[in-house]
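What follows is chain A paired twice: with chain B in the first complex and chain C in the second.
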Partner chain A sequence: MTLWWYEARRAGWAALLGPPIAVTLGVSAAFANPQPGDTTTARILLGALEMAVPLAAGVGCASLVGRDPAVELQLAAPTPYRVTLLRRMAVTLAWAAMVAGLTAAVLIATGWWARWPANHGPFAGQLTWAAPTVGLGAVGFAAGAVFRSPAAAGALVTTLWTIQQFFAEPAQQHLPGRLLYLFATTRGAVPGDWTGNRLALLGTAATLVALTLVLLARSERLIGEEEE
Partner chain B sequence: MRIEISGLTKTYRGGVAALDGLDLVVPTGMFGLLGANGAGKTTLMRILAGLVQPTSGRVTVGGHDLSTGAGRTAVQRGLGYLPQDLGVYPDLTARQFLDYLALLKGMDDRTARRRRIGELLEVVALTGDADRRLRGFSGGMRQRVGIAQALLADPQLLIVDEPTAGLDPEERIRFRTLLAQFAGRRTVLLSTHIVDDVAQTCREVAVLSRGRLIFRGTVEELTHRARGRVWSVVTDGPPPAEGTVVSALPHEGGMRYRVVAPASPAPQARPVEPALEDGYLALTAR
Partner chain C sequence: MTGQTASTLGASLRYEFRMQFRKRSVWIVPALTVALFLLIGGSLLRDLFDPGERPAEARSAVVGLAVQVHALLSIGYGCLLADRLIRDDGLRVAPILDATPARPGARLAGKYLGAGAATAVPILAVYFGLAAAYAVHTGAPHALGWALATCAVVIVPGLLFVAAFALTVPLIMPAPLFRVIFVGYWLWGNVVAPDMMPTLARTLIHPLGGYPLDALLDFHGIDGDDTLAGPVPGATLNVLRPDPTPATAWLSIAVLLVLAAAALAGGHAVRARRA
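Now for the complex of A and B:
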């Protein structure tokens, strides 16, 4: 447990503060809605889970690679550094999941969850936040490993998120777009595609993490000395 | 832990050859590695620590082949490493930093870990500052934390890269003594461009220049390279044009220059006994 506590500290403030701030902003936006119809408010509340929490987790994961001041000591230790980074990613996602799960429990208990017609139930419906959170987290982690810059990786995550916000309709027009669309619960999806979409996001995330671990095995990239 | 290096080459992006066909055997004990900046010392240290993969050649440490993952892990289990640019986590205290790195080195027994950390903080004279955050530490204090973390797992191989750079004279002496005491039946590879550190601690030394080994032998043998080439010149005029001026001291209205040169650099020059620094300069000035 001590090691996990240290990794939680290394994951940084962005990973720690991002999800609660995202939920707070989302809930505030829902109840500040000038047209407080039940369905619209419920949609914004679920949207906070499906959009804001994944963005926070994605930016948090993007900051994991490329800002470690003791990277040479890490790479010289018998514990593989990629395992350490994977722990930090797990901590980041677990914290986001805890915040999102608690928020979802409150929404279910207060009835707001059921007021959004496309809610997919209290159990499978947790994929509303879980799939995009893991998906954007994996994108952030992979981008961090490629760019070795938290700023560049965070910008990529934010750009991807923004593109999906603005191009929701074009994304629905072809199968890959529908399968990899992050906001299928609250921004609309072909009803039969929802489960496939959630599983595709999780599968893509697993693939991205696996590829990232292969990339992270090239330790000299992490100290900025690459072979010809 | 005996280190055997054969045909080691490392070429970085852009065609920069940091190491060029290096052959070297490092025995147990304190071993010095000298060379100018850019000679390839840090690249060699990083290869031995498993951070960098060679372009070609073979390295074994204690019989473990560093080209395999299993070999690297086996070496890293018995390795203490102090990099040239020691980065720390400024939000952690010295004790927490050591505790975290001990866990990464596989020291899972909490009681044993705490005892070892306490011992090492005592050794590096940081017991009183152990619970202060590292962001408030001076360069010398951080370097002491660095040597403490390198010694955590009682390593059989200790690699220290430019460890005394930035330390004040007292800290340098304490650090050198600590390394020499630690060596015993272990291997300590001391990479530096401060010749005096090697002169005071090592019996054997290698010199790198532009990625190649240009000398390997005892400190006395390297010193001997300058025999008949070190001169003392007292003058009130300009320094001698020939040779390399090692030192310049005020002397009775003029200056006394210590010069390394293949032949007498001035009519009034008289030969003097060489030191290790003279041998190093005689070697590298060719």
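Now for the complex of A and C:
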């Protein structure tokens, strides 16, 4: 347990503060609506879970590689460094999941969840935030391992997120695009693809994490002056 | 400005420019963004060369391209600059630099202009490359003139605004958190419809450049039926949305530059208090 607390602290303040701030901003945006309409408000509330939480978790996971000042020590420890990094990613995602899960519970209890027609129920509907959070987290983790630079990895995660916001329609014109679209609950083009989309996101995430672990096994890549 | 200050500014500008210009991720991130852009389609990057899809007028085409390039590549721009100022503390070179006769304010200004310019080079290369290809493809050399004008009144003020906050805000919060909040802000303050929630979109504080686009470049969306600035019936913050005229467009640019200067001054004050 001490170890997990330590890893949570090493994951950084951004990983800790990101999800609650994201949810708070999303919920305030929903209720600052000057022309109240229940469906729009509910959509923004679910959007806070489906858009804001994954963004915070994704950037958090993108900032894990390249944080340790003396990475040589980590590489010499009995625990492989990639396991340590995987633990920090798990802590980052688990904290985002806790914040999102609690928010979802409040939304279900207050009835806001049901007011968005495409909500997929209280149980399977949790994939609303879980799939994009894990997906974007895995992209961030992989980008962090490839670039070894939180700046570049964070830039890639945020750009991917933004491009799917700005070009929601063209991104979903073809089936592969629809399956990998992050915001299928609140901005999905074809409602029937939702389950496939969520599973595709989780599958892609698992593949990315596996590839990243293979890449991180080449520990000589992690030693360097300042990461580019 | 004394000679000493000017030479500090020039030296740190040149050094920061070269350091950032040679950083691989400054080139990789825009390249990946453009690749994603092309993969998704539906953007002017591809449509510019499709006679059936592109806007009829050269002006709408290159100004529209500027809006899309600016809206998307500025995200990476802000994220990449977020570690530049705090890096001096992280590498523990700040106290050494502070011990030199070079004044901290001039060093900050040099870092701002140098790193900001270097990170903008790939963005401008993408923009002018595509605009030049379009001008050759359609035989419309005046498209390049519009591209230069758009760059001067929309892209450059927008990037100066982003760079100032990207350098200084990470002094008061972790850089990754800044990246999250910056992207949320960029979406909220640029493209959210003002009648949906209170937003800075379409106000004078609009780094995407609604006022100059509307009043100086006469651009009204790629299809010509959109307005990008000015009051929206029923929206909050309409007090910040005067009617778009050339005067309010220049005012909007000035507001962005003043806010950028204020962010730099704030960052300078925070560092001075910590030193």
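Annotations
What we mean here is this: the second predicted complex is superposed on the first by the 223 of 228 C-alpha atoms of A that agree within 3 Å, B and C clash if a C-alpha of one lies under 4 Å from a C-alpha of the other, contacts with A are read in each partner's own complex, and residues count from 1 in each chain.
Here is the rule we use: a residue touches a chain if its C-beta (ideal position, glycine included) is under 8 Å from a C-beta of that chain, and two chains touch if they have at least 3 such contacts.
This one's a predicted model, so the numbers in the text were calculated from it and none came from an experiment.
Following the overlay on chain A, a side-by-side fit with no clash is recorded for the pair chain B and chain C. Using the contact criterion defined above for the overlaid structures, shared-chain residue A:T2 touches chain B, although it does not reach chain C.
By the document's definition of touching, neither partner reaches A:V106: not chain B, not chain C.
In the superposition on chain A, contact is made by A:A32 with chain C only, not with chain B. Annotation for chain A, partner touching more residues between chain B and chain C: C. In the superposition on chain A, contact of A:L17 is made with chain C only, not with chain B. In the superposition on chain A, A:I223 makes contact with chain B only, while chain C stays out of contact range. Shared-chain residue A:L215: touches no atom of chain B or chain C. An angle of 90 degrees, to the nearest 10, separates chain B from chain C at the C-alpha centre of chain A in the overlay. When the two complexes are overlaid on their common chain A, residue A:A90 makes contact with neither chain B nor chain C. With both structures placed on the common chain, the touch criterion links A:P78 to chain B but leaves chain C unconnected.
Of all Cα pairs linking chain B with chain C in the superposition, the shortest spans 11 Å. In the superposition on chain A, the residues of chain A contacting both chain B and chain C are 226, 228. Those residues of chain C lying in contact with chain A across their complex are 23-25, 28-29, 32-33, 36-37, 40-43, 71-72, 75-76, 79-80, 82-83, 91, 173-177, 179-184, 186-188, 191, 195-198, 234-236. Here chain B touches chain A in the complex through residues 10-15, 43, 46, 49-53, 55, 73, 76-77, 79, 81, 83, 85-92, 96, 99-101, 103-106, 110, 149, going by the rule given at the top. On the side of chain A, the complex with chain C involves touching residues 12-15, 17-18, 21-22, 25, 29-30, 32-35, 40, 44, 52, 55-56, 59-60, 62-63, 147, 149-152, 154-156, 158-163, 165-167, 169-171, 173, 177, 226, 228. Touching chain B in their complex are the following residues of chain A: 2-3, 6, 9-10, 68-79, 84, 219-220, 223, 225-228.
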